[in-house]
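The following pair of complexes shares a single chain, subunit A, combined with subunit B in the former and subunit C in the latter.
After this line comes the complex of A and B, so read on.
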């Protein structure tokens, strides 16, 4: 007994929006204010790490196709890895700033996994459209965490990084299997859900 | 309020399930691995979207590979496809299917059913060729990874209980972390290799192959449970490193050992004739003892010896004591399982399984001799306060290498089929009650 796909998408969308809002708040108020309470520094990396751990059940319970299993597995791993790297840096266990490259790497791998595992064309249905859009948003959005490695104090970069998460979350909220996109639904997609 | 918000956020993330986005097989008749008492007239597959089916989209095979199905047809709503089958005799049957999703992508799969006979597992469907050399190597890597994480954690908690020098601590976490991630990665590779063998599809089609029949087997369930278990172990290991709280290594160790039982609950000891809860327990003890022994040796040779010289003597003596217990468990469980799986002594040299077991026994004897030299020569000398032997690190590395070689042979053994047990005489089965 599996719940509809949207439910899972919404759960992870919630996580992405929370990560994005934390990052946005940090970008707006600055590090000094944000870190007045030390636990806040751990907030978004912990969320990313936890989402990675929670993606594993999705991977193992979803075995309807090899490619989807692999895609979910890759998201689980890169979310855990990038969250862990950020936590290590915040905690002072890791020192090299190049550990921050884990985040753009995670964006690139996640984006590629979205694009590769989506079999349908852009305008097949809303889910297909958003999968393409999310994939390319992740790949193009990787520029923000990449620039953040070299320009960690740039407000534009930090805001872009935060907003990428928010946008990804919103797109994932809208993701729905066989719903029309711009009023169009491929006749091949089957009947709409509900 | 803050706590309530935190709890709500956690709950929103804490119940993930699964998602699908393309034509998915919803139902089959007969069902996956179902035993039916009467021959079905048709085999039916129902999908969540419309699909196109060629006349040979569904093929039903007997266990000997004879095709017993006719031409495939679609139902009026195009969401189901059916194929008529002949009157089926008692036995196991394999259904291989391949349909084109309405969006032109092919989805494929395999499942089995039995007529007045248990359905064969999907991994033994007609056309599956059995374990390959690649699968042996993958299984071996799995054992090595399991030894690195479970044995490493055991060594850290039972042998070197106090703090380690920072460099040694870092290397311990690296080795155990590589083991934890290795178990997950190699486990995925092993599952996919097994699935590829069962599905018998070209790579492009395999990517869109339906793995759900395999996920419902013991093997698949073990894969799912162990992946989740070792994801948790990885998280605990990371948190222990991050927060410097060694207490978190205990749950990681116990979860690792507990979920290692997935192998015992899905292997020969669980499914072959003569298996029972005792054989499953023996298999798990055998595996756990081997993992603790090999993983502990690796930690001793690569962490304590080069990076914590002040702990060498104490760690060696403690590990030597633990190794004695581990070897006793290893041998007792191993002998019990050998007797169970080899009904005749002659199977040792006449059956393939027995021959691999002989190679394993030879390597185990070598490891035992090596361990005995450490136990009876080096240990008493160290207890007397004699200086450490210069060649001891090389000797420890050698013993670890033999242990890892044993794991390779064990991997081949696990993938091999034990010889069949002699049939119980019919007379005994039908003997009248006194």
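After this line comes the complex of A and C, so read on.
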């Protein structure tokens, strides 16, 4: 009954798209309006935290190598950490704006984990290509939450932060188990799935 | 001000650009999912369900995108727009 890895990627992609939509709406209307209803203030940090929690079973059940286990484990930890930091800030338990550095930290750790645990070259298969692309997108995209720490009201920064989640979701939706990328599929990757 | 004038003002009231942007997010996401379904119909296993396993029938990416748009449009956007218009109406 365990789903193939690509299904898990698509489910997480849906979570990322939802987080991105919430962040986009928050960027458009501003914090004051967005936080007028308390449940809404907790919405996207809770989603991020929940995705971190759900990453633990992914780590346990989709471990095909030690480096995969470490990568999934590090994603679980930094997603929970950044989600929890945002929850603490929204709740008022945390006061220092530097807690917002948890998000760029999560981006950098996640990006590094993607790049380090992908042992194949870009055009080995679609999954390898997407690992490289997502890794670099996370590392470059970390600039948005980092700038948001110092310019929290910048609409461009907030929109960029939101769109980074949407783009990451789209990339995860593109993932397939053993599929070609731009016509390239290494014979070492195995037989192409449907 | 009479109630008739109030209702007329409400009727002719136009949504702000920000409210329109928020209300467009959900439908735009749904539209992206529909467009994807047309571009890659083979990713919709509901169209050819015979012999498909549980996961292939339960998790279909274009439908997930549409679902994300529906969830946002129905559960999140209406309240955001209501609060935004309420704030914009304040003097």
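A few notes on this one:
We adopt the following convention: the second predicted complex is superposed on the first by the 192 of 194 C-alpha atoms of A that agree within 3 Å, B and C clash if a C-alpha of one lies under 4 Å from a C-alpha of the other, contacts with A are read in each partner's own complex, and residues count from 1 in each chain.
Keep this in mind: a contact is a pair of C-beta atoms (placed from the backbone, for glycine too) under 8 Å apart; a residue touches a chain by one contact, two chains touch by 3 or more.
This one's a predicted model, so the numbers in the text were calculated from it and none came from an experiment.
By the touch criterion defined above, A:22 reaches subunit C but does not reach subunit B. One of subunit B and subunit C touches more residues of subunit A, and that partner is B.
Of the two partner chains, subunit C is the only one that A:173 touches; subunit B does not reach it.
Once the two complexes are overlaid on the shared chain, A:43 sits against subunit C while remaining clear of subunit B.
With both structures placed on the common chain, the touch criterion links A:120 to subunit B but leaves subunit C unconnected.
Once the two complexes are overlaid on the shared chain, A:11 sits against subunit B and subunit C alike. Residue contacts after overlaying the shared chain place A:34 against subunit C, while subunit B stays out of touching range.
Touched by subunit B in one complex and by subunit C in the other are residues 3, 7, 11, 14, 18 of subunit A. Taken together, the subunit A residues at the contact with subunit C in this complex read 1, 3-4, 7, 10-11, 13-14, 17-18, 21-22, 24-25, 28-29, 32-34, 36-37, 40, 43, 173.
Within the complex, the subunit B residues that touch subunit A are 9, 12-22, 24-25, 48-50, 79, 101-103, 105, 107, 188, 192, 195, 206-212, 214-215, 220, 223-224, 227-228, 231-232, 234-235, 238, 241-243. Put simply, subunit C touches subunit A in their complex at residues 18, 21-22, 25-26, 29, 54-55, 59, 61, 64-65, 67-69, 71-72, 76-77, 79-80, 83-84, 87. Only residues 2-3, 5, 7-9, 11-12, 14-15, 18, 49-51, 53-70, 73, 76, 80, 84, 87-88, 91, 93, 118-121, 124, 127-128, 131, 177-178, 186, 188-190 of subunit A touch subunit B when the two sit together in their complex.
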